[in-house]
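There are two complexes below, and they share subunit A, which is joined by subunit B in the first and by subunit C in the second.
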Partner chain A sequence: MNKLLPEIFIWPFIIGLAYFSIIVLYRFVRWTLGLSKIDKIRIWKGLRSRKTLDSAIEAFREGLLHRKIFRTNPVLGYMHMSLAFGWFLLIVFGHFEAVAYKGSLSFPVYLPIFFRFFVDGIETYPFMHFFASLMDLLLLFVLSGVSLAYYKRFNKKLFGMKKATRLKSGDRIALTALWLIFPLRLLAESFSAGQLKNGGIITQPLGNLFSLFVPLELTTPVTWLAYSFALGFFFVSLPNSRYMHIPAEVFFIFLRNYSVRLKKRVNTYSLVQVFSCSRCGICLDTCQLNLANIHTQSVYVLKNIRNKNLTDEVLFNCLLCGKCQQVCPVGIELIDLRITQRIESTLQYNSSYSYLAGGEVKQADVVYFAGCMTHLTPSIKKSMLQIFAYSGVDYWFMDEHKAPCCGRPLMQAGQYDAAAVLIENNQQKILASGAKKLVVSCPICYKVFIEDYNLPDIKVQHHSEYLFELMQMGSLPKRLTSEKSIYHDPCELGRGSGIYDKPRKLLSNYTSLIPIMNEKEKSLCCGGSLSNIKIQMSERDIITNNALDEYLQYSPDSLITSCPLCKKTFARGNKIMVKDISEVVAASIVQKNKSNACADKKVLEQAL
Partner chain B sequence: MGKFGFSVMETRTVNFGELDNRLLGYVLENEASFLTCISCGGCTATCSAGNLIDFNVRKINLFLRRCDIESLAREIDKCMLCGKCTLVCPRDINIRNVVMLIKKGIVKFRNE
Partner chain C sequence: MGKSIVTIGGGIAGIEASGILAELGYAVSVIEKEPDFGGKLKNWDHLFPNMRKAEEIEDYLSRKGKTPGITLFPNTTIASFENIKSGFVLKSNHGVSYSAHAVIVATGFEVFSAERKEEYGYKIYDNVITSADLEKRLKSGTPLTTLAGKTPQRIAFIHCVGSRDAKVGNTYCSKVCCVTGVKQAIEVNKLLPATQIFNFYMDLRMHGLEHEEIYKTAQEKHNIQFIRGRLSEVSENIDHSLLIKAEDTLSGRPLKMNVDLVVLLVGMEPGVGTTAIGKACNIEFNQYGYLKIPDVHLAGNLTSRKGIFVAGSCSCPMSVKDTIEHARSAAFEVHRYLIEN
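What follows is the complex of A and B.
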């Protein structure tokens, strides 16, 4: 039987595998060579360290078991795991099986893949029945994932998803091939089992059944050929489809663990991240732009970068709230990737701000930088000044009258060189003040002061952190009211800077906070973000009102935030009292002053 | 006109036939909300850059409409993109996008 048929049917698989290997190897080499010299040294050092083992473990956990997707949705996680891990086990045990069969480590590369076609008389070899049944069970495991994948096309809700990504033609070919591989393998193995009696607990009964009414002489080679073609097509289409994420993600995990980082300009590490996107679409559902019917989510940006057709309309229409980055199972740095793309796209038109020179400087212990947005919400500014006066701090209000912007809005818009000019100007003044602390009222400013300013020996604090510190030192009055409030995490302070607990601990001295569903890492964006250059105000209103409606479900007395822009945006919704955290603290000072005044008055009256 | 002793000064004329209005078209096409500007001056009043130097958002609109690209390029360079203008605008005009479009457009049409 074997001799009658030439082994021609293995060639689609062999050609596909060879093409795939060459392209992937070429890309890995090109990506590595494109990294900066320091990054190459990092990799070289990392290769011989523990990081390599850690990366391998992480690659196994995320690339095969898909632990993070399990956390998003168990059914979705199972689907990915059964396909990836199941296939991996099929390959591994397939090789063990071939070793047991051959009794040596040398066998042709295609033998484990088309094993049942070649194996005759399994009784004479060791463990063959065991392997046959094990392989059948593994195949069943993979097939359960494939059938879930079929089903997902009709019912996404079971997988916790409302939206799925739109497919390109390359993706379609790869997807169809992938869907066909395993059913064809089951059929081919069953047909062979019908002829050669070499099947396991599933393929053997199936084979016996088929042998009753199927002309196995004819169907067996044809099905194996089809199986080989499905594999070949999958491998050939892989490098140009989203399935390139399989090798790229592993590569990405290693580079990340070797401390390679994104730069302010696009380099091959950005490309590695772009290619690591599996277009799973988990970022789609989490994006609040959906509410305004805007479809510029991270997965599409990465796809456009790969296809070299990214437009400004897509690139700049994003709130940079960071929700997608939080849920991305691959851990792609979606915000920084988008910002570097913005930097690249606006390189030709940065501002010089030649009019900026020096400026007034005062000596003080604390520098207070309110920020542009705080100047639009004067109650925050007023509250902070009250608190400074109450606690007797020696401070300098840096941007009280004249000071340039902090530079973060320019940074978000990709105007890196322009932002650097503003940063330099502010930096010099802050250093000249001799202060040990910089207090900032706006989380947008806070982030740029932390990340892009060079302020050695100066502690930068957002005012919520600073007030918390004052509270701990006993410099602020505590006054718990009966008010119930919701704390809204600003994107730049929460997901952007990881400050969640200090504002909450501070507020617990003044009001009782209602725990809500979307808080901390999952908190909503107010819709006002300066990062979005393209969105219209009417579209922002939809996002704002939706967030407000969610908060109103908990019927709070007030909404407390710690960002002037969030406050301004929510106040525009006109649905609930919106306060800044500094106002809550300042209100207790005013109250205390009032009661002191009353006491003084009583003393005075008694004296009279 | 000569009869009455009046003449038209060169510097005070705008010849619409000769204007290069590609930039104006580009900006309005990509940010239509700018058409609704009522020149109220709210943006200029709140402007962070305007607080430091002579900078007027309304002048930008004027230069753009007069297709005076040179003056426009000089003025637009001063904007710090802080976004206060966008927040105070009573017409909800996306002024930051207007600024970015002008910056991009100047380079784009200079090269064409």
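What follows is the complex of A and C.
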């Protein structure tokens, strides 16, 4: 067929694709080279293992089908799926069609993209009508996603979302280009179909219709050129827009499956995660800081890191509750990423912890570490000591007098070096005690003991787990009361450490728990978090009171938690009786002693 | 004149304001939820600044309560509150209706519940008491001992418990606790001269003509030691003595001390009654939960609603002296209002 500008109009697309490929390849190489030696070995080993296949499957499932977004938000999921998977199928079947047409695998890269421009309806090749209609249907599928995307910009509520992310100029160019690609393709193919009779079930009738009143000789090449420009602009703007998440996410999935991990230091793996954020905005609505009108959510932090304009105000104004990480469809390690960034952005203090040296170490079976927040909620400490005494445990109360910090608050504040000194000190003492178990009363401490301490052969347990174990061994009294309670999952214990069931099973021996809407993975933060060093007290109060009001709707007799900080924060709200799980257990001990005493008295009286 | 007034609360402010209004010829009904009148005054032993017995004021108030024109209604609470053309109709829990041309709210304050400052161990450790507890003990005349009956060798008074503390939700100063702490320290020193006494403070707010003198006397004559620093936590030793941790901010060093008794100088909070009545009358509260006055300088006894007045510590923390003055000015405001309307 004679075409007006067959060679010229494909160039915007070719240039765009070439630029995109070079930049993305360059980034993949740079990211890989920037990893530590161990990570590189992990990748090398992983490449030849099953992990590669698993990664490919996961990339297909998450990058194209967007299964996780589907699960949290079906409409949003469909939008992403129709765009990504639909486009993918267009490319794949476009290539099949080109193969069918050429009868060989060698054809120019642009042929499948501009197929209906080049191929006349008179020419024949295998399955041509099938291909024509299939491509039409696929295009329709993609266009349904595009129209949802249009709609979303103007009406977020359809998606059940209160907020959408703010755009910057690179994103805007890419977004406009993306929005134009598929409508232009539909138009161009319809115009060509009007001239060449090569359309499918949608483009052919449209083409016939257009041929009645549109000067096709002019509009056909112009629209194909516009389509090529839209593609070219999209590819050129992609590396500097949020759409970089498309290639980055695939890369991230592979690295994650090859066991590459974040290591409290900013490296190229943290950069890969930053680039993998699609700015879908799912993390925005789940954040409780919205209540206090604070806009420092993860999507903004990642964006600021990418744009190199992150401020302390944004970075440190976060409760690290982990709700965003729970819902992130890409699985970005938002908490660790933020802590890593805090370590990077913080001037390390040259603290002296010389006073920690020395100090007694007692030999015992169990080391008990209460933590500073437990010292500020002494009824928890008292309850634990009562339980230890009752169960006859041989324990050493490690921080009874000289109380060293576990190190986690420093870690959360980015003070890695100072935290490391404390960790080293505590680690040595715990190991020297010869204990087989470390029981911790505070979930904040618990998490650092699990993550950052090196305690071989010592089992670290939060007291809720430990008490559950004692209960199973029959070392604790059971006493079911008529009280109805709500169990509040502390962030660090629940989402942070995945401990949801043991506290509930333990409590079921003492009280009946009311099931609530926001529990377990969805549980609310109390607002007391130590890790937010920018928030105002009045802003904390808003978050605390909001959570309390939600709990009060269920009219519980008491609120039970297993974190001293949650307890203290909720008690401050002064709306309901707040107890720690250890207090609930210890109360039954007191009761038992009293009833024993009564029984003893009766026996005595009878004897007299 | 034949106009009637209802006063809600039969404490110092309620009785004082009602007494004056009765003297002016109004019919005043005083509603009190407790069986007797006088409010928290009956729990106090001596009053600063002149150390007079609180009973003297009690006697004064009980005479005042007998002014012709006053009717006292003990064991009564307000169940409903209604607006009518000439004023208000209040219904009690006993089903009795009171009509009033003006209402005085004098529901007073509540002592901060020290359990909420859990790190100080109130109701967890045996020998942690509040200033209100100590006042009762002093009044009862029984010897001041630890729970085990031992004479305390060392006592620590902790200032600002539940006041000026965002962590318990109260950012304001309760005004009376500083001088109460110094007063009680002196009293304890008089009872137990051999006992060492330490007051832990942030800063001492000794406003009032004589208060600074009391503070000076406490140091010079009564050997009371003042340590500038807020307490971080209290823990209990095996012998039920207490280990307190604080920072001495003058020497800039952390401090640990064993004491036998800890006295928490608890602040003031809006009472449960104040909150309930305020809601029932539909008048505004300020950010601290006290009843809101429209003008701090010129309308200290008015509320957001015409015809409803406020007297005493339901509008902000007040000493006994301030409460009486505030009640008198409330009586004057009510009188002026009833003449004008």
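The working rule: the second predicted complex is superposed on the first by the 596 of 608 C-alpha atoms of A that agree within 3 Å, B and C clash if a C-alpha of one lies under 4 Å from a C-alpha of the other, contacts with A are read in each partner's own complex, and residues count from 1 in each chain.
Simple rule for what comes next: contacts are C-beta pairs under 8 Å (C-beta built on N, C-alpha and C of every residue); 3 or more make two chains touch, one makes a residue touch a chain.
Owing to the predicted nature of the structure, the values given are computational and were not obtained by experimental measurement.
Student: Given the alignment on subunit A, is it a clash or a fit between subunit B and subunit C?
Tutor: Here subunit B and subunit C cannot both sit on subunit A without a clash.
Student: Using the touch definition from the top, say if A:Gln415 reaches subunit B (first), subunit C (second), both or neither.
Tutor: Touch partner of A:Gln415: subunit B, not subunit C.
Student: On the A-aligned overlay, A:Tyr349 touches which partner chain: subunit B = first, subunit C = second, or both, or neither?
Tutor: Once the two structures are laid over each other on A, A:Tyr349 reaches subunit B alone.
Student: More residues of subunit A in touch with subunit C or with subunit B?
Tutor: Counting residues of subunit A touched by each partner, the higher count goes to B.
Student: Just to be sure I read the superposition right, which of the two partners does A:Leu65 touch: subunit B = first, subunit C = second, or both, or neither?
Tutor: neither
Student: Figure out whether A:Lys568 sits in contact with subunit B (first) or subunit C (second), or with both, or with neither.
Tutor: both
Student: When the two structures are overlaid on chain A, which partner does A:Met537 contact: first (subunit B), second (subunit C), both, or neither?
Tutor: A:Met537: touches subunit B and subunit C.
Student: When the two structures are overlaid on chain A, which partner does A:Ser379 contact: first (subunit B), second (subunit C), both, or neither?
Tutor: A:Ser379 sits against subunit C, while subunit B stays out of touch.
Student: With the touch criterion stated at the top, can you tell me which subunit A residues are shared between the subunit B interface and the subunit C interface?
Tutor: 375-376, 401, 537, 568
Student: Tell me, which parts of subunit B touch subunit A in their complex?
Tutor: 33, 46, 48-49, 51-53, 76-84, 87-88, 92, 94, 96-97, 100, 103-104, 106-107
Student: Residue numbers of subunit A touching subunit B in their complex, please.
Tutor: Counting only subunit A, the residues touching subunit B are 312, 316, 346, 348-349, 351-353, 355-356, 372-373, 375-376, 401-405, 409-410, 413, 415, 418, 422, 528, 530, 533-538, 565, 568.
Student: Quick check: in the complex, which residue numbers of subunit C touch subunit A?
Tutor: 116, 118-119, 121, 124-125, 166-169, 232-236, 243
Student: Mind pulling up the subunit A residues that touch subunit C in the complex?
Tutor: Contact set of subunit A toward subunit C: 375-379, 381-382, 401, 537, 541, 568, 571-574.
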